[in-house]
Amino acid sequence: MKKLMTISIAALALSLAGSALAADTIKLGVAGPHSGDLASYGIPTVRAAELAVADINAAGGVLGKQVELLVEDDVCKPEIATNTASKLVSDGAVVVLGHICSGATKAALGIYNDAKIIVMSPSATNPALTQSGDYPNFYRTIASDDLQAKLGAEFAVNTLGAKKIAVIHDKGDYGKGYAEFAKAFLEKMDNAEVVLFEGVTPGAVDYSAIVQKIKHSGADAVIYGGYHPEASKIVTQMKKKKMDTYFVSDDGVKDETFIKVAGEFAEGVYASGPMDVSNLPLFQKALKEHKDKFGEDPGAFFKEGYAATVALMNAIEKAGSTEYAAIEAKLRSEYVDTPVGKISFDEKGDAIGVGFSMYKVIDGKYVEQK
Amino acid sequence: MLKIDNIKTFYGNIQALKGVTIEVSEGEVITLIGANGAGKTTTLMSISGVVPPRSGEITFQGEKIHKKSPDEIVKLGISQVPEGRRIFPGLSVMENLEMGAFLRTDKAGIKEDLDYVLDLFPILAERKSQAGGTLSGGEQQMLAISRALMAKPKLLLLDEPSLGLAPLIVKRIFDIITKINQEHNTTIFLVEQNANMALQVAHRGYVMENGMITLVDDAKKLAANEEVKKAYLGI
Amino acid sequence: MADKVLDVKALTKTFGGLKAVDSVDLDVKKGEIVALIGPNGAGKTTFFNCITGIYTPTGGDVMIIPPGDAPERINGLKPNKITAKGMARTFQNIRLFGNMTALENVMVGCHCRTKANIIGAIFRGPSTLREERETIQKSYDLLKEVGLTEFVNEQAKNLPYGAQRRLEIARAMATDPFLLLLDEPAAGMNPQETRDLDELITKLRVDYELSILLIEHDMKLVMNISDRIFVVDYGKKIAEGTPQEIKDNPAVIKAYLGED
Amino acid sequence: MKNLKQSILISLWFIFLTFPLMVIRVNTVEQEVEWRWINMAFIGVGAFICSYIWRYLMARKEKGGNEEESKTSWHQTLTMDKRYAIPAAALILTLAIIFPNIVSEYRINTMISALIYVVLGLGLNIVVGLAGLLDLGYVAFYAVGAYSYALLNHHFGLSFWACLPLGALLGAFFGILLGIPVLRLRGDYLAIVTLGFGEIIRLILENWNEFSFGPSGIANISNPTFFGQEISRSSGILFIYYLMIALVIFTIFVVNRLQNSRLGRSWVALREDEIACQAMGIDRMKTKLAAFALGATWAGMVGVIFAAKTSFINPASFTFLESAIILSIVVLGGMGSILGVILAAFVLILLPEELRAFSEYRMLIFGASMVLMMVFRPQGIIANVRRSYEYHGLDGAEEAK
Amino acid sequence: MEYFFELFLGGLTRGSIYALIALGYTMVYGIIELINFAHGEIYMIGAFTALIVASLLTMAGMDGMAVLALSMVVAIIYAGAYGLTIEKIAYKPLRQAPRLSPLISAIGMSIFLQNYVLLAQTSDFLPFPSLVPEFSFMEPYEHIFSSSELMIVVVTAVSMLVLTYLIKFTKMGKAMRASAQDRTMAMLAGINVNRIISTTFIIGSTLAAVGGVLIASHIGQINFYIGFIAGIKAFTAAVLGGIGSIPGAVLGSLVLGWTESFATGYVSSDYEDVFAFTLLVLILIFRPAGILGKTKTQKV
């Protein structure tokens, strides 16, 4: 019993002591899921920030100061994200790289906005984040979902010539949002018809019923919004049922893991993703740094995270101060070379110079469709 | 045959037995009488190893058993008919009897004993495949005794066999107890509320109060003891 | 003495084809002590459970006639409703609230005669406070009545066996019944305790103008205190009458009492 | 010697048991195998040490316990003896009031989270601890509260103050609605059905876009107003903090009163023996429903505050895991024990915030502690000592122990 | 009609998947009246172990039935060992405790095991090789009903029959029932109840492992979380059928499988789980003991 008391007292003491801080570095907050089941979406960004910052510090830092990372976990949960955000604010973060999930980002943005801190996400693609006007301090280095959905819908109808389309999603924030935009775009076109719009339950033991339903609906193409684990289950079952329906999906599926998990069944699957930048020298440099340091290929949103770090630091350097307005102005006016291309930001906070392409799995690789 | 030496048994923090010493010789019928809550059932459960004593020793045929598990104790030849009969309600009469012989592997012997108990209680043969839970109280008591006999015990522990039974049945049960003792030379340790009946069939008796033995004597002498008469015989 | 308070007609209860209670008639008159006896498994407790609402009878009528009130059919009512109407019971296997004190056990018994609600509990207004005080006083008086004052603040599970039986009676009395049903009240008691119980039951009958229906195996107690006895076997009523009539009834001797 | 041998065997057993998962890691994608032999050593040594600790704790559990129950423990003295209780409460209250002035906003934020869980824990404590009904879907009522504020605010611009009682009412309403069909079920069936109901509510919120905006949730939920005045977000945080302090005090007060009332007695009695309870004239359904609805009321109320605090909600905040966390607060704290629940909420919510470095292991430790608590200290951190009514003298004066 | 038939087959497979897990639930519940929340995790650990073994064997150049057989055997051994260990640590010390305690301990164990695998292995989905070979006689029907689906259905049916026989007619099975009905009396009859309970856990875990391997091979991927969802569903199925009853578990699973399949096919998959849980609530309200369960009359 005594021990427990000691622990709680210690916890309290710690919490009181946490507010002291020093100010001789530029503090970059990095927030996202770093533990739990979504950690694989958050860790690559942390690594990207580490690598980018290491380069910048080696070159003398920003405004003559070294850049320091404040890495905080939000487990992708809105209620934890608010705590994470206020911790970063308390700890003196000047700008924040993150958050990863759209929901957590929305919950955290208000706190940053009050503290006049600019936030740049490598991955939060929810359109409302930039389009609603509710989040003036938000920027991102990835294009928003509606663009992707538009690309998917147009590609299915115009390029593949599909007339009847089944729109399926994983009921999640990202997947359902994508699917709804895709549906809206399809309904606006006169030469296509949405024959099915449904959600599947992630983690369900099998998807044979929904696959039967797709088959029954007579769809020529499936547009799927969601992530690769469910997509690969659906694609596998569709192929096993000898269906030749096109499968068009999003960035959550345009992942090497998808091909490896679905194996031969992945052949012929279309998925949109950020434009191919593998020829860019900066991208290759970042990739090499990652391989050297961590001994493996980087995961999701690595290059976007890298790009965001570079863009933020560049804006501060150009602005010559850590003032909100100054950084904001430079973000909008300056173009900067990043692993995702030469980018700048528009009024709403979306990156100019990034966009989506459609890829197709050919011989176990995603190949960009021009 | 059975020597209980100063055992102390606890339920959690509550001490139920505060140093109980009992001896039983081979072929004997002894009875343990006492008020409800005196610790009679606990004594039996301690012997059977279900609630092992925290201190003291129990010796059975020269072997120390107070640290053995219930199944090992049954294997040594101590069988119990617990209070409230505790028939397996969902098992048929035959299955209940089979469970009695759980540890035995001698098929011929089991068959022989089965015939014996069915002969002893013909009603059970009639209800062979009926679920134990559907039997009447008296029938359940007969089944419980039969089940214990199926283990071919050297020592049979009986806990309140007359509880809740019609006077008519109580008499029959006690007759059977005497019969088992005489025909098979099975030693019997009888715990009873119904001190009147118990002291009639037993050779010796122990009186228990508050987790302690307060009187030991010949059954006849106990029955004549004024205090016993007043407290337990209702005379 | 002639007014009936309980009138059961042709009560039947079947469990999946098995007739546990088979068309039994029984009545209790005002101020009477009636015993229900029979071999184990004859359906006595099932009968109790049927009239107290724990089981819904398959057939027949259970009528209660509270003194000064109109007769009422209570088949299928919930147990708590039946208790509220004035029939209280004890249980064969003691069912006290083990972790509550003796006093609290009786206080729970007062539940259906009190009415403090959530709001009252939170704000604890004067009426709630008064009611609580009265409940405590009434509970204490009942404990005194059954002779348990020494255990008043003791947890029920720590009480001696005989005291637990009496506490059950006190708890049932707290519901202000006109008819008290006792399920084997003397089971597991020693002769002295049984004698005390005998006195207690007789005293309760007088002090509270109670009628009592009891199930019991202790023939001495039954013969001593009952005005009338009903005997059941295999779910059927095989005899009814005064203790003396029952003692001499050949059917009862054969099925239940045995020859001496 | 025997212990040593046993510990070595246990250690070997765990090495065997964890071998494939801890030592081998196959990358099925790259067709590579990673052998992590060092883990084997960790497991071996760890299991060896743990077996000794286990044995020690087991022995202590079997022996002890009685001293604890008989002696009046410090917390009992603290809560029941007025000489200590009043100064202690005053001290804690003072600390609580000055707390936000000496710490950063982050600390206030996490403290609000902890206080939210305190109230949730106390609310669930009514259901589980007092009435003995295992509710695995408690988070559903929390969601009802949060969504009622978010939606009413979004569509009709209703203020926080209007929604606070509405959220509580809706929570109670749903509690009754769900309680009526399920409360007749016994223990573990009730658990599984409430779990089902919790999931149903979440799934509806996730799928019914037109109503709840689906998985993308509702953002920009208004801050509370202060006497009709709009306040900034950071003073809003401060405001919510004090509101939570007030709510915690109110909750403690109510739970305490309920516990020692006619209703509280019938809950305890119901937990002990349902049939006897009915025979005493207690309406089983009504009494259970009262507990269920009261628990839900509190969840609904805190839900409103939660929505105001995060300013964004989506169905992902209301999963089964959340119910499990609230339940473990109640269980680890000690079922029925107010002080225990409060302490457990602080430990379970604040400690992980402090130990962010170990966040990977958070759930692992969390699960393990639930098991170990049940095995070694089932009464929780602070065992519930129920105030029992005592009778003193004939004047009918009632005093609590 | 063809659509109906396909949905029917889909439901049959899904139901059989649930059944393999539900059987273990029902056995454990039958004997100690505990909702073993960690059972789903055993299923997951079985699948992980099989994945590791299968990958090692494939890399070593083996293939075909041998890989399936070997990885199945290892998975079974490990699942049994985990089941045994979990019982000893989390449940056995709580035999005398109030009913809520082991349930909470089980929830804790489930959370612990999930995170153990998460930390020891990975949070990502891992591709699981298709271990069940394609039977040539199934070739013309593969697109309707695949070999692995057939395998799952057959194994489920066989498991149910074997278990029913085991429980009804063997001495072991009778001892299990006896221990379930009255533990103290079973001890007095000389039954080593602890051993019986351990055996029950091992048998249940073994089935979960078989399920894990077959299901993972059918679906083609696993992660640390698969056990939780499958576990909840399987438990729902077991309750639906009447917990404690072996045929009940299978029947309940099939009913659940078909409900979900037809609900998806004819209504919408959006509310698939809502249908499943609503069915559970309705069954429990109108038939509290489940479809095949016996209503226990409470003794008064």
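Order of writing sets the labels: A, B, C, D and E. Residues in every chain begin at 1.
Throughout what follows, contacts are C-beta pairs under 8 Å (C-beta built on N, C-alpha and C of every residue); 3 or more make two chains touch, one makes a residue touch a chain.
The structure presented is a predicted model; accordingly, all values stated were derived computationally and were not measured.
Student: Count how many hops through touching chains it takes, at the least, to reach subunit B starting from subunit A.
Tutor: Each step joins two touching chains, and the minimum needed here is 2.
Student: Taking each chain's centre as the mean of its CA atoms, which one is most distant from subunit B?
Tutor: A
Student: Average the C-alpha coordinates of each chain, average all protein C-alpha coordinates together, and give the chain whose average is closest to the overall one.
Tutor: D
Student: Express in whole angstrom the distance between the two chain centres, defined as the mean CA positions of subunit B and subunit D.
Tutor: Here the centre of subunit D sits 48 Å away from the centre of subunit B.
Student: Which whole number of Å gives the spacing of the CA centres of subunit B and subunit C?
Tutor: 32
Student: What is the distance, in whole Å, between the centres of subunit A and subunit E, each centre taken as the mean of its C-alpha atoms?
Tutor: 36
Student: For subunit D, which residues are shared contacts with two or more other chains?
Tutor: 28-29, 207, 275, 360, 363
Student: Could you pull out the residues of subunit E that touch at least 2 other chains?
Tutor: 126-127, 270, 273, 300
Student: Where in subunit B do residues touch two or more of the other chains?
Tutor: none
Student: Inside the complex, what are the residues of subunit D that reach subunit C?
Tutor: Of all residues in subunit D, those touching subunit C are 254, 257-258, 261-266, 268-269, 272-273, 275-284, 290, 294, 386, 388-391, 394, 396, 398.
Student: Quick check on the complex: what are the subunit C residues that touch subunit B?
Tutor: The touching residues are 18, 38-42, 160-162, 184, 187-195, 217, 219-220, 255-258.
Student: Along subunit E, where are the residues that touch subunit D in the complex?
Tutor: 33, 35, 45, 48-49, 51-53, 55-56, 59, 74, 78, 81-82, 85, 89-90, 93-94, 97-105, 107-117, 119-122, 126-129, 232, 235-236, 239, 270-271, 273-274, 277-278, 280-281, 284-285, 288, 298, 300
Student: Which of the residues in subunit A end up touching subunit E in this complex?
Tutor: So the residues of subunit A touching subunit E come out as 36-40, 171, 198-201, 203-206, 208-210, 212-213, 215-216, 228-229, 232-233, 236, 240-242, 257, 260-263.
Student: Applying the document's contact rule, which stretches of subunit A touch subunit D when the two form their complex?
Tutor: Within the complex, subunit A touches subunit D at residues 1, 4, 7-8, 11, 14-16, 18-19, 34-36, 39, 72-73, 75-79, 82-83, 86-87, 89-91, 102-103, 106-107, 110-111, 113-114, 126, 128, 134, 171-173, 176-177, 180, 199, 256-257, 260-261.
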